[in-house]
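The two complexes that follow have chain A in common; it is paired with chain B in the first and with chain C in the second.
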Partner chain A sequence: MSAPMPAPTEEEVRAIVSGQLHLEGPLLPILHDLQHTFGHVPRMALQVIADALNITRAEVHGVMSFYHDFREVPAGHHVVKICRAEACQAMGAEALAARTLEKLGTAWHGTTVNGAVTVEPVYCLGLCACAPAAMVDDRVVGRVDDAKMDRLLREAGA
Partner chain B sequence: MKDLIIPSDAERDFGTPAKEGKPVTLTIDGFEVTVPEGSSVMRAAAEAGLQIPKLCATDSLEAFGSCRLCVVEVEGRRGTPSSCTLPVAEGMVVRTQSQKVKKIRKGVMELYISDHPLDCLTCAANGDCELQDMAGMVGLRDVRYEQPKAGGFANHFQARDTSGEANPDWLPKDDSNPYFTYDPSKCIVCSRCVRACEEVQGTFALTIEGRGFDSRVSAGAAGDDFMASDCVSCGACVQACPTATLQEKSVIELGTPERSVITTCAYCGVGCSFKAELNGDDLVRMVPYKHGKANRGHSCVKGRFAYGYATHKDRILNPMIRDSIDQPWKEVSWEEALGFAASKMRGLQETYGKKSIGVITSSRCTNEETYLVQKLARAVFENNNTDTCARVCHSPTGYGLGQTFGTSAGTQDFDSVEHTDVVIVIGANPTDGHPVFASRLKKRLRAGAKLIVIDPRRIDLVKSAHIEAAHHLPLRPGTNVSVVTSLAHVIVTEGLMDEAFIRERCDWEEFQDYAAFVSDPRHSPEANEMLTGVPAEELRKAARLFATGGNGAIYYGLGVTEHSQGSTTVMGIANLAMLTGNLGRPGVGVNPLRGQNNVQGACDMGSFPHELPGYRHVKREDVRDVFEQAWGVEIDPEPGLRIPNMLDAAVEGTFKGLYCQGEDILQSDPDTKHVAAGLAAMECVIVHDLFLNETANYAHVFLPGSTFLEKDGTFTNAERRINRVRKVMAPRNGYADWEVTQELANAMGAGWHYTHPSQIMDEIAVTTPSFAGVSYDVLEQKGSVQWPCNADHPDGTPLMHVDGFVRGKGRFIVTEYIATDERSGPRFPLLLTTGRILSQYNVGAQTRRTANSVWHHEDVLEIHPHDAENRGLRDGDWIRLASRSGETTLRAKITDRVSPGVVYTTFHHPDTQANVVTTDFSDWATNCPEYKVTAVQVSPSNGPSDWQREYSAQAEQARRILPAAE
Partner chain C sequence: MRIWVPRDSAAKALGADDVAKAVATEAASRGLDVEVKRNGTRGMIWLEPLVEVEQDGTRMGFGPVSPADVPAILDGTSDKALGAVDDLDWMRRQDRLTFARVGVIDPLDLSDYEAHGGLAGLRRAIAMSGEEIVTEVTESGLRGRGGAGFPTGIKWTTVLNAQADRKYIVCNADEGDSGTFADRMIMEGDPFCLIEGMAIAGLGVGATKGYVYLRSEYPDAIAVMEEAVRVGRAAGLLGGDVLGSGKAFDMEIRVGAGAYVCGEETSLLNSMEGKRGVVRAKPPLPALEGFMGKPTVVNNVLSLATVPVILEKGAAHYAGFGLGRSKGTMPIQIAGNVKRGGLFETGFGMPLGELVNDVAGGTASGRPVKAVQVGGPLGAYLHPDQFDTPFGYEEFDQAGGLIGHAGVVVFDDSADMLKMARFAMEFCAVESCGKCTPCRIGAVRGVETIDRIAEGDAEAIPLLTDLCKTMKDGSLCALGGFTPFPVMSAVERFPDDFARHREAAE
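And now, the complex of A and B:
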């Protein structure tokens, strides 16, 4: 994940939106493109998207909020996701998560004060055989214990 | 639809909408039932009298299948499908109460209740809650899910958990809307509100945010509440909500109503049917009536919520008199007030002649009341000095359609819009002016119908969520005739007309003349582009679309009629419909959108100075005979004075007395200064109204009026539908308006003795052929009828001109464009046009006295950024709006909804008085004032104009009331 970017202007949002209008069902591609470009989908973008697609901002909000990965505010430099699904819970993921949050001094979805790490829950990474599992940015990690988590967080600069 | 108290048959909810199709027979719980193909099993069961438990289904919305309470078993099929989404099939055998589905339902209900507060006894929906009913129906007796003692549970309804920690899933009530609350703690996320907002209202203001356990109803986006969202407060979501989540504040305050009366809304010409729900005479809420044929269960913010004016403290409940308008009012008894009025009026007639007095009937009052007021003029004053506020709105419709088709009314019913393919909306703004019709139109547009908007302003219909006009022709105000003729030019010259229809149904000779006229190259869109401002290519495409797109319907409003060539445009519209064969079947036609609840009725009832009831000229001896027989008086064969003529005559000193019922001519008629001068010159002005309106500042007698909730009668809406108005509560002023008119007539020696409005309707039926079959019994039986209703059409006439025009052959009339005398020039370079807004109604006498003002508390002037910049204006600046007639001040709103050179405002607030600015130019045929075109100049200002200051001082002076003598 790259460094957080400054909030986009309305013109920048409009430019991205108009780049996707030729698609059938352009809403999700637009949201992806915005998030990819700006690291988040700012609130003011909703009305711009709605106007371009001739729908309401409520509808855009409904779609965007359905997907947990679309963000309203930029994340930290790195995103650490800790699996909270059944297999990982059975292998102590809840305790690991609690300790991790304590170490970082933040709650779920929070970002460390230095802006290095955002921590989020995830419900199954498909790594049940290597539970507890986590994911740092795009990389999945299995058999995470306290030591491994410390190392991951250190690498991420937390 | 909430099943209030005892669900009668009419109130039953069938779960899913009715379908049309060939019959299909199936067996449900051993009962054989036949329903149209495409119906749901849930609906089929309901038709057989079996109710399947349900939460997310209601018959105003398409099935959704989310609550899983309505599951059934079908023989030979696996699983337990939801009956709301399961279409019927021939020979299907369905079981709705097997052990298996009963167990599923209990389990589902148990989960719902585990996340719902159990405060039923103190809940506003107690006794009116579908969740409560369904919990009872499935026999839920226990909820096994318990909260852990130390906290740490997840639910949405408790602010704090058992350990005292704040519950992050709990959200406070949203009280932002003045009329209803959203309490997320009671929500079961059935999505009915979201679907109602989309399917019924078409605003798409609501959504479900999040997913799974986090799903919630959200108005607008994150950070919005109901007020900040796109919500227009139509009440469809409140109506659809099965619980107390969306609840009228009035019900929270007053409790569940115990009785209801079906009546008709008294705002616009759509004429929605409502159920007034009450405790005793305490009106708890107005609920749109499902079987209302104009609204089909829908409503808007005015009819649904803005009824508080009926009990507003400003209402005047005692009659008042004074000798001159500089005196304060004196409260007196009814006898004294009526005696005073009668002797003054008789005195004026003795001094200045029979024709020195007159009446103005009201489009706000019932047919029966209007009939009596014109009868007062004709039978008691013995002149034809009667006119009505239709003069200033739809009189050109009456004239134009009468000339071309032979009847002075729209050709269709509102259901017709469901069959239309191409719609032209010209000079109307339905989403604001006729919101319930707009919702029905938008539904059809979302289903694929095409729209052409002809309006100087980019109204909401041009582009709003999920709808977009195929063509918007933003013409310059005042050039309607030219645009309509150019449309005809394209259709005729490109050979797109329906020749078979024209040959069969219209006068072919006249058509030849007309075709030659419109084919002239000077009527081509290219030749008129400079004049109208409409790009020629766009106009050509619009014409082709209308002529070739299937069923074409034209809906128009006051943007057509309120012009110096209003009648000509109406005829032009009629020509277009005949030219394309779009008459006489569902989905087509010419449809005037009437401004007021009973403007159609007021016209029908003979309010015009030249016409007796049923649009028959007073010159006709046979017609006069009928009324002379019925009334026992001789009727003057000479037409009387129109409103503008009355005012002119008053200024000249020949017109001295006026009885004005339910209309505020000072605020609503053009050129306010002239109206004020006319009123001031009269010696006896009797105002009969709910409030001390602006006209009453010049009155000598004030007779308190009654609201539509306080009397029996009928209103006739834009589709000619005669709807019953029923007395919901006793008149607070003591008398219904028809009784007051009768007492005034009797004080002048008339000797009338009606005891109920049904007797007045009987008299109307006897004297007026198009109403011959109408009686209160018939209306009781059928709910409503559309005139003509007589021996030929005993059930009324939903569609006019089906086999032939009323006048015989349809008549094409040549429509030559003649520019209005009101022109922009160096001193007044901009064109002002006026209109209405959703939350306020006309002069605002009613809506300004309700919470609707939160949406619109002052009139603003819309001006294009270009024109604003030239004048150094910023958004929200005070500006001076001046015309040749006068000037006023208001705030500017900078927007590109108006074109450069055009400015727009509303006329809802008396302190702005847009009509000080409008001129006294009017329609050539009917004198309908040209409100829609005024040349103006706009400049920065720092306060009210001299007129505004003088006027408000005069108003304050004139409104003083002496304390009643003890």
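And now, the complex of A and C:
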């Protein structure tokens, strides 16, 4: 994700939408596919989806906004997710998260000024026996301490 | 020589990919004929990355391994040597039925799967009628492993007897509970086991289509399951003619989108249909009107992945394990502040204290255990006074808790139970689907009320108790209905943490 995402065209959106229409319940796969391609779900895609599925634009917005995963604007070049769930808390995740947010100078869901890193809370990565856990884009990391977090942030260009 | 390095995401999170590379590089530089195989994890997460060197059919373990340890392992001089993995205490003490192959085989090698007992259950099921398959599962005593503990065979009977042009098998792989990772482990370590279980379910109730609703927080599991479905389809395990039976069953992987509530079955079905993941009122039961309004089996990953061994070895064999009405084995996941965390599958009945102090070896920090949360974010906090409680559905219910998906999260004495209670309410507020008022509004008021207690307002405690009662009695699903478990168990069993704040404020 180091290169900026291309600006979506309506034609591209239409192609992605129509590629999923054969599925039973295609809306989530469509939203995932759009986000995977463009880094977010572009506003103009909502009407295209609504027309294709014969539902209202408001309904599409309602579904999209229900789920934590879908973004209206692109994230930073890398997304760092820090687990906030109980097993990680038992191993000091809360303090780790607080220090990380302070270092990055942002709050949860925020992006660093240079656009390199967006930081998100996550509730369980299934790495509860090697807590505290984090995920950088799709790469999982266990037993995260300050030194490991600093290295991850450095690699991500924060 | 064959060397196994796990590809499970817990092992990867601790550096297994770098270790695998180091093994291949070092072996090549020495001109050794080494085959590097990637397995699932054995479940001993404190030893990950756990490298196994296979010689004369015995797998010798080394762990936890860093790339720097690799030369000594190949020299035979490593101080990380553990001995034969099958002989390790952690492995010998278990009864691995559901997890028999996890960590042993190459997850995506169908012939390896078959060589270790895979497909035997499905082959037997193909020769049986739907009624016979469902009876076998009923007689095994298998109960829903997602948390509710509803008898799987009864659910299947309802779907079998429903009349419809289409039926579905839906696997709930939205494993969002903190402290649980058994679903992830089996999907990454033995995906064909889940596929086989779903195919058997399909033959049993007369469904030809299955879906796995898998949470987006598990990218590795998604990749393995998608590849396993492709392999299974190419090998004729899935498709129009399952293993030459003349019967059809195919399946798809669907990815969730970060909503915890979608682990609730009706919310999951709405999500799969492309709607907001709000909870549906029951009735109608999903068994009668589920996905797309058709009769649907919705089962947890572990329930479905246990079906093959039940069909392979028979209902009586499975029911021979366990305690009282909790029959069979439970893959218990031990996590949080423990010396030895991981997956431990054993017959129901082991006392909680033995799991925490003996199996897991107490806390990682070396400090005393203060509390143990069993069953995820909606499970009660248990006090060490309750450590003699045997691990079983009814036994935990009597102790004011629940076993849920069998996640055990241990906290040492630095834990502040008021903070944990507040977190439970905060989590419920973040994840509430918004359909019912006790959950949507109650969780927000719960956070505020606990903040009042933290500021020294003792009058807020009865208010919190009353609020919890309303949430418990009035919520549509377990999110609002069970959040009172962690909250009230913290209040009742750790009163000092709620009084101390009052003194501090005065």
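Keep this in mind: the second predicted complex is superposed on the first by the 154 of 158 C-alpha atoms of A that agree within 3 Å, B and C clash if a C-alpha of one lies under 4 Å from a C-alpha of the other, contacts with A are read in each partner's own complex, and residues count from 1 in each chain.
Here, a residue touches a chain if its C-beta (ideal position, glycine included) is under 8 Å from a C-beta of that chain, and two chains touch if they have at least 3 such contacts.
Only a predicted model underlies this, so the values are computations on that prediction, with no experimental measurement involved.
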Check: Which partner does A:Arg43 reach: the first (chain B), the second (chain C), both, or neither?
Finding: first
Check: Counting only touches as set out at the top, which of chain B and chain C does A:Cys124 meet: first, second, both, neither?
Finding: second
Note to self: Just checking: does A:His61 make contact with chain B only, chain C only, both, or neither of them? Give me first, second, both or neither.
What the structure shows: first
Margin query: Quick check on the superposed pair: does A:Leu152 touch chain B, chain C, both, or neither? Answer first, second, both or neither.
Written below: neither
Next item on the list: Name the chain, either chain B or chain C, that contacts more residues of chain A.
Entry: C
Notebook entry, point to check: Taking the superposition as given, does A:Val136 touch the first partner, chain B, the second, chain C, both, or neither?
Noted result: neither
Next item on the list: Based on the superposed arrangement, let me know which partner A:Asp69 touches: chain B (first), chain C (second), both, or neither?
Entry: second
Notebook entry, point to check: Residues on chain A in contact with chain B in one complex and with chain C in the other?
Noted result: 62, 66
Checklist line | chain C residues within the chain A interface of the complex | finding: 9-10, 12-14, 45-46, 48, 175-181, 183-184, 216-220, 252, 254-260, 271-278, 291-292, 333-338, 341-343, 364, 373, 377, 407, 409-412, 415, 420, 423, 427, 430-431, 433
Item checked: Sites on chain B touched by chain A in the complex -> 203-211, 218-224, 229-230, 463-468
Notebook entry, point to check: Can you list the chain A residues touching chain B in their complex?
Noted result: 43, 46-47, 50, 54-62, 65-66, 72
Checklist line | Touching residues on chain A, where the partner in the complex is chain C | finding: 23-29, 31-32, 53, 62-63, 66-70, 81, 85-91, 122-131, 133, 135, 138-143
